Amino acid sequence: MPIYDQSYRPYRGSFSSHATRWLTIARTGLIQFLKRRPFLVFITLTFIPPIVCGFIIYFAHRFPEQTLTKIDAEFFRRLMEIQTVWFLLLGIYPGAGLISNDLRWNAIQLYLSKPLTKLDYVLGKFATLATFLVGITLLPGLVLFILELSFSSDSKFLVAYWWIPLALAGYAASAATAWGLIVLAISSLSKNSRYVGVLLFTLSLFTSGFAQFMRGVFGRDGVIVISGLDSLKILTYVFFGGVSEYGDHRVGAVVMLALMSVASALILRSRVRAVEVVT
Amino acid sequence: MPNVVEVEAVTMRYGRMTALDAATAAFPDGAVGLLGPNGAGKTSLLKVLLGFLVPTTGSARVLGMNVLEQPLDVRQAIGYMPEVDCHIPGLNAVELCSYAGELCGMPRVEAIQRAHEALYYANLGEARYRPVETYSTGMKQRVKLAQALVHGPRLVFLDEPTNGLDPKGRIEMLQLIRDLSRKKGVNVILSSHLLKDVEETCSSVVMLAKGKVVRQGTIADLKKAALDLYEVRVKGDPDPFTKSVTACGASWKPMNDGLLEVSLANGTGSEILFKAAAESGAQIRHLTRRAPTLEDVFARAVGAE
Amino acid sequence: MSTVQPHGDGNGSGAGFTHLPGAVLACRGMSRWYGQVIGINDVNLDLGPGVTGLLGPNGAGKSTLMKLITGQIRPSRGTVTLFGETVWDNPNVMRRLGFCPEQDSFYEGLSGIEFVTGLARLNGLSRAEAKARAEKALERVDLLAAAGRKIGGYSKGMRQRVKMAQSIVHDPQILILDEPLSGMDPIARRASIRLIREMGAAGATVIVSSHILHEIEGMTRSILLVHNGRIVAEGDVHEIRDLIDEHPHRIFMETGDARKLAEALVRWKDVQGVRVDEGGVLVETIRPDAFYSRIPSLVLEQGIAVESMTSADDNLQAVFDYLVG
């Protein structure tokens, strides 16, 4: 018979304050994804549009006579719009499994039996996804802004467009919050991450198509805000000015996204609360 | 020694269903068994003690802290080993345990070190570097125990810890539990349907039925040996022996596994049994005073039979 | 590892094992492997009516054996027959077979009665007959009151009882139960142990696989011990224990006259060791039969009051440990 004299000693070390627990969850979540090769490949792909934009900026300064496009607020707004396309894919790949996998493998029981609140848990999961969402919008945006500045011979660009980094941050934060909450909420609805992915994909496309349909039926462009992804696109105009192809429906888009975020938060609250910690 | 857990008139109602009905109990230090039929309120009580359910009325104290006021502090000082299989996909045992430690607020380096210690204690060897998905039931049970111990809790809740373990694994797990509660100073509350497990590890029990606490106390107190009842097994056909038993003035009743329950007449002792054996040429293979088992206490307490 | 006489070479091939004429379950030279991994290795077996406990460490081959007996897989070599007919793809035999698997998976939306009735109909019973038998089966497992509720709302113990009900609903002559008590509370366990004993006493051939040895002891004395894909021992627990020569029987006799008893016992040639403890004497003997038959006369002659006599290791746990541990 084995003899257990392996010392189990009481722990005499320190415990960090409870405020940092969500960071631990976020960090572990991030590392788990960054460990996987397919994911790294995917993330690299998302940087292709910014790299292309980088070349555009370079050529704009190198060959100023051949203006491919003007480097202005619209340029940065268009970049944000393009990067938002990746949001759907990011929602499906890392996003779908965030809570659904924990539900499936009963990991939430492990989490909630530790000294952290349900809010800590949700915050940590949200931060994992939000890091990626912000990383593919704010980061390249800032880099390109600095790139443009470094190429500028005078301060005309800076004077006119000093506010762009703020707009980038504002858009990245609000888009990531809204989309992050929506993805997390759908992820908490099922134990199967594939269903969640399919659900997300279908919902997004369906609402997009439905919105176009309604637009045709009612002849009112404002209806487009039904679609979350289109609302995100309109959101870019909120921060960068200008008018979308559908007309000025910025208020509508903001309201719609706010509603969706609140609904998602409520869904999350009830789904995570409903977990039977002791079955 | 102050009580490790104190439950005071806790009532828990879900709509029209009452899960706990003014339950009052005290769990002393050491190892205490938490017993009860399905639906008795055990799981609700555990949820209240872990700080997840706010009881309709009443209060509970764990390790001196009020569960309602300090749920996070309570969870800091306790560990929970769930009944169901649970893991975080993609992590191996070391990563899982150190993650568990970090979730309790331990610094990363300490968490990894303690994770290894806890896994050694739970006797999980080289397998700790493989993903938890690939483990057998016994290994998964060990990981669940280790992750509950990483942060050095003063009290652990173990929910059916011998589930799915083969006889050898069960013996090892029970040895671990005894070691934890008797030598390592960690209090244990063991919830199990296997009363033998509880008898082998715990010194006291709390029994729930229909939301109420029906019995609590030391196992020794709850079992009182009947003075003139004996449990006998003879080799082969018991008929000649039982006939002699009756002839000697005692009465008998058959039990399972070929055992006989013999009730002696007043003033006679065990020599009557040997007399009956000698007269009938039977071999007595087993003879003890018949003491109620924890199962008998349980059955009577919850009102069955 | 000890050897036990009836299965001298450890797997009962050829002349080693006891043929049982009219046996219900018969296996001859049965082996099953999965690629390179051997599940069951050259098993010969005859089982008849009554309850038999199937034991062994995890990975020993118990589930493979049960799958072969219930016709879920075919042997790679050898045969397995029930009532003289091969099990595989044989509805005639399956009709007389009841199986309670270990896995917990149900159609959660069905109620208990619907589930058991449905499975009863699969056995060829008419609608009315199936419903009546289902109700009877559910009553036997004490689930009739909750039979109308959906299985999704059942506790673990109740789900287990539904499984048991479906396995007995068609009054099978052979009943295979894989960890039938898991998840049940102590009251339900006791009732289920009694039910299994009753089924065995009524003439069915019942095979129960479990890790909880003392519960097997409550159901039967007849066991089948499997290890590394082979049968290590088969038969009555106590007989097997008697035959394990390498480990002398250790018997504790509780008495106030410990020294006097020890003096008398040490004179017997088959007593290998006598230890005087407080409260009694611990004896070691390699000839338990001879020992036990002489005890009554010794105790009476010497006038020693023996309060209890228990064998520390004449039980299933000890047999398991000595043969497999």
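We call the chains A, B and C, going by the order they appear; numbering starts again at 1 in every chain.
Heads up, the rule we're going with is that a contact is a pair of C-beta atoms (placed from the backbone, for glycine too) under 8 Å apart; a residue touches a chain by one contact, two chains touch by 3 or more.
Not measured: the values here are computed from a predicted model.
Colleague: Kindly list the shared contact partners of chain A and chain B, in label order.
Modeller: Chains touching both chain A and chain B: none.
Colleague: Based on the averaged CA atom positions, which chain is farthest from chain A?
Modeller: Following the centroid criterion, the farthest chain would be C.
Colleague: Taking each chain's centre as the mean of its C-alpha atoms, which one lies nearest the mean of all protein C-alpha atoms here?
Modeller: B
Colleague: Once you find the CA centre of chain A and the CA centre of chain B, what distance in Å lies between them?
Modeller: 48
Colleague: Using Cα averages as centroids, what's the distance between chain B and chain C in whole Å?
Modeller: 24
Colleague: Counting in whole Å, what is the centre-to-centre distance of chain A and chain C, each centre being its mean C-alpha position?
Modeller: 58
Colleague: Which stretch or stretches of chain B touch chain A in the complex?
Modeller: Listed in rising order, the residues of chain B that touch chain A are 43, 46-47, 50, 52, 72-73, 75-76, 80, 82-91, 99-100, 102-107, 110, 114, 117-118, 120-121, 123, 147, 149-152, 159, 171-172, 175-176, 179-180, 184-186.
Colleague: How about chain B: which of its residues touch chain C in the complex?
Modeller: So the residues of chain B touching chain C come out as 35-39, 136-138, 163-170, 193-196, 235, 256-258, 269-271, 274-275, 277-278, 281, 283-289, 295, 298-299, 302, 304.
Colleague: Show which residues of chain A lie in contact with chain B when the two form their complex.
Modeller: 1-2, 4, 6-18, 20-21, 24-25, 28, 32, 101-102, 105-107, 109-117, 277-279
Colleague: Considering only the defined contacts, which chain C positions touch chain B in the complex?
Modeller: Chain C reaches chain B through residues 55-59, 155-158, 182-190, 193, 197, 211-214, 217-219, 221, 238, 288-289, 292-293, 295-297, 299-300, 305-311, 314, 317, 320, 325.
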